[in-house]
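Presented sequentially are two complexes of subunit A, the first with subunit B as partner and the second with subunit C.
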Partner chain A sequence: MDNIIKNFKGFLIDQGFDAVETDYEQRGYHLEVVLTVTQVREFAKKAYELGFYLVFVAGFQVLADPETPSPHSGLAVVYQYARHDRQYRIKACALVPDSLEIPSISDIYQGADWHERETRDFYGIVFSGHHNLKPLLMADMDVDVHPLLKEEAKLKSLDAVSWPSEAPESTE
Partner chain B sequence: MLESEYQEQNRFFLNMGPQHPSTHGVLLIVLEMNGEYVLDPQPVLGFIHRMHEKMGESRPCPGFMPNTGRMDYVCALPYNHGYVSLIERKAGIEVPERAEYIRVITSELNRIASHLLWLGAYLLDLGAFTPILYGFDDREHILDILESVTGSRLTYSYYRFGGVCQDIDEKFVERTRAFIKRLRKRYGIYEKLVTKNIIFIKRTENIGIVSPDMALRYGMTGPNLRGSGISYDIRKNEPYSVYPEFDFEVPVGRQGDCLDRYMVRVREIEQCLRIIEQALDRLPEGPIRSKVPKNIKLSPGDCNFAVEAARGELSYYLIGDGTSTPYRLKVRVPSYSNLSCLPELGRGILLPDLVSILGSFDLVIPEIDR
Partner chain C sequence: MGEENKGSSIAPELDAYTEFLKSESCRPLIGDAGEYGEGPLLRIKLTDIILKLCQANSLWPMTFGIACCAIEMMGTGMARFDISRYGSEVFRPSPRQSDLMIVAGTVNKKLAPVLLTLYEQMPSPKWVIAMGNCAISGGPFKVEDNYNVIEGVDKLIPVDVYVPGCPPRPEGLIEGILKVQEKITGTRHPLPQNRHPKSPLRKVKGLRVK
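Let's turn to the complex of A and B:
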């Protein structure tokens, strides 16, 4: 099992992804992949080809810090993938740039459709290329209400939540 | 008149729900119809959206326990199980073995209750009134057993970080054994009444076929995925709690139609009984709760825990920031992904078949809307 994980990590690094092994007993997943915005779709395609299914897409907010080497809007998207045939769970994450736009993967994984709409409802992240980004769980009239955005005073920096384990090189 | 004009004239919209009995809750499906054929079914969600995730982020982690029982109210104990296990993994809390056995026994009882309710409700959707009365009769016994130890009959909040809140006694064991015996006897009734019924087979066989690829693209899990022939059960594939110690099978279907999904659930009930039986035989003595700090600190960093709920994979994903309140709590519920394939699956089918498909998915709407 360890071998497979190691090989898979090597495979991802060869493909240009930033992959780190994690302790399953503590974290509940085997591999953490930090994606740049352009890699989001590329990674989803690879995952689909290799037979992973999409567990969920979720948003996440931290304190935006324009002074770091990689400026970001403070929003991030987490993708989780898993397999049917063996125990293997991947967390992939990407920081959302200031434009609040991140490419949609709903044409690769149709199941992402609703997850992305939900994330837009809760955080206002725009999934570009999504065919129908209307409010799903929220009402139509609350299109600009994003309940999971925190007040500035309650926001923590990326370091304070030690997330992701390794800082991405750039978000473009 | 041209064929296309005729088609256009016969095109109309139909609202199925939000009070339609076969949507099992407040789910609205806007159907674009052509005569009796469904062209495009679009589910509209959010009627009972309560923003559980926000509640999880706004108070210390023990405060979220009652919420976990209120998402999937039909099978609440696996939701309890997932949440306590998540916090235990995050905070490094040990659980006594007896407590894990009690968790497994009660969770599996709850799973049977959920499948029995589904069986009755599904048959009711298909026009058979009697099975729900039998299903409720059997389910009532489970609710009585669970009530004696958890104190509630539906929205359980029984598990605690580091164990469970009340020990099971001899009477509980006795009653559960009696129930197992009873339910095994009742199989014959269900078999005769439902499984071999020609009308039931006509309404379910070859209807709503979910291919393995489609199940993968939509992230379907649970009996709906296993109906398509993929043997994927978190209890086996990503074992948690004491499940690896028990001998049980994962039933799978052949082609992924409504009948397969039905057969998988019915056969799963027997596997649940086997797990409970083994757990009762080996039930260890000892404490039911370990010592847990009063103020649980959630260390910085994220953590995930997946369990097999009655409808599929339930994942809790938490990001901690060093306080006792989760910084982010995501709940991934199975029915949400399971239902999302409906627009693709329901294209071009007859309206009565859509009712059959919806029923076979075993949807619980408060879980989807959260």
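Let's turn to the complex of A and C:
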């Protein structure tokens, strides 16, 4: 793999990010980064400086588990970054705290603007610092309707919807 | 001056004409006031009939395709089904120039104010066809968890003809347009359509056509 990319992982770990190399054949991305809320903007800035583009911003919902070391609301935001010059994709994931607030990256990546508005529409995640966080797909009167939020009975835990952690080790 | 003008209008000629129209000699030409419901003050029956014939045979639909039904609407306008046989091929890009709105697709909450504005911008008289199940009743979106789809466009605007289907075939839409013509004039095929020529094969001696 390219030296720049190899260095990037080491660079991220040096910066205090939780980065794990993954099997691209299996998962479709090379690097998985778990972000804390404070790291979201920091990571986006680094990725922007290193020439990554933003593929998408999306949300998902899992069963909130108060017993985990980092309690969360059950909502999470996923960012995917990639490069044009070589095949390299990064999945960055941040669990949303109970306040449902997560910093916006729309001033770093302008393409995140509508993605964040859409995610707010569907899940009610508030992207603080967004310049225009009004409904994008939903009608203005339905500002409090979040259609993709599920009933608790239908939710699965984060482990159940994640890849098993042994998988990348066995392929390496 | 006010006294002099009392009871007379600024155009005495028009008053005389109105009196003439009210007279018995014009009775066959003018229908009863209630016959057509609300509308223009002055209605002349023969003019009305001619106007309605013209309206029915030159329905100008608005170019307004919302969802997959619009594909069938486009197909109806093209050569194979050829909506112009019934005078409705002039799809206008502006509601100001059209008198038929074909609601071809799903109307959701965000689109509802747009649809209302377009309908209000169309000059009267105007007609509406609700094309496809979504426009009729919400179709496949009429479920308990529906949060965004208007369940029937008739909740927003008055609908004249419903064309069911998901999506309806072009023949269905043509039948809907014929129904609108029927509603305008009271008769199906308000202008005599050109008859199809009999098959030339029939004239060949000894050849039987099934």
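Heads up, the rule we're going with is that the second predicted complex is superposed on the first by the 157 of 172 C-alpha atoms of A that agree within 3 Å, B and C clash if a C-alpha of one lies under 4 Å from a C-alpha of the other, contacts with A are read in each partner's own complex, and residues count from 1 in each chain.
What we mean here is this: contacts are C-beta pairs under 8 Å (C-beta built on N, C-alpha and C of every residue); 3 or more make two chains touch, one makes a residue touch a chain.
None of these values were measured; they are calculated from a predicted model.
Because the two structures share subunit A, they can be overlaid on it, and in that overlay subunit B and subunit C fit beside each other without clashing. Judged by the touch definition given at the top, the superposed model places A:80 against subunit B, while subunit C stays out of reach.
When the two structures are aligned on the shared chain, A:89 is found in touch with subunit B, with no touch to subunit C.
By the touch criterion stated above, A:13 is placed in contact with neither subunit B nor subunit C. Taking subunit A as the reference, the larger set of touched residues comes from B, when subunit B and subunit C are compared.
The three-chain arrangement built by superposing both structures on chain A places subunit B and subunit C 40° apart around the Cα centre of subunit A, to the nearest 10.
Applying the stated contact rule after C-alpha superposition, one finds that A:141 touches subunit C and leaves subunit B untouched. Contact with subunit B, but none with subunit C, is seen for A:60 once the two complexes are overlaid on the shared chain. After overlaying the two complexes on the shared chain, residue contacts for A:160 are found with subunit B alone; subunit C is out of touch.
Once both structures are fitted on chain A, no C-alpha atom of subunit B lies closer than 5 Å to one of subunit C.
Shared contact residues of subunit A with subunit B and subunit C: 137-139, 147.
Within the complex formed with subunit A, the subunit B residues making contact are 45-46, 49, 51, 53-54, 57, 86, 89, 215-220, 225, 230-232, 237-238, 300-306, 313, 315, 317, 319-322, 327-328, 330, 332, 336-337, 340-341, 344, 369-370. By the touch criterion given at the top, residues 137-139, 141-142, 145, 147 of subunit A touch subunit C in their complex.
Considering their complex, residues 108-110, 112, 145, 147-148 of subunit C touch subunit A. Residues of subunit A touching subunit B in their complex: 25-29, 48, 51, 53-56, 58, 60-61, 78, 80, 82, 84-87, 89, 91, 109-111, 113-114, 122, 135-139, 147-148, 150, 156, 160-163, 165.
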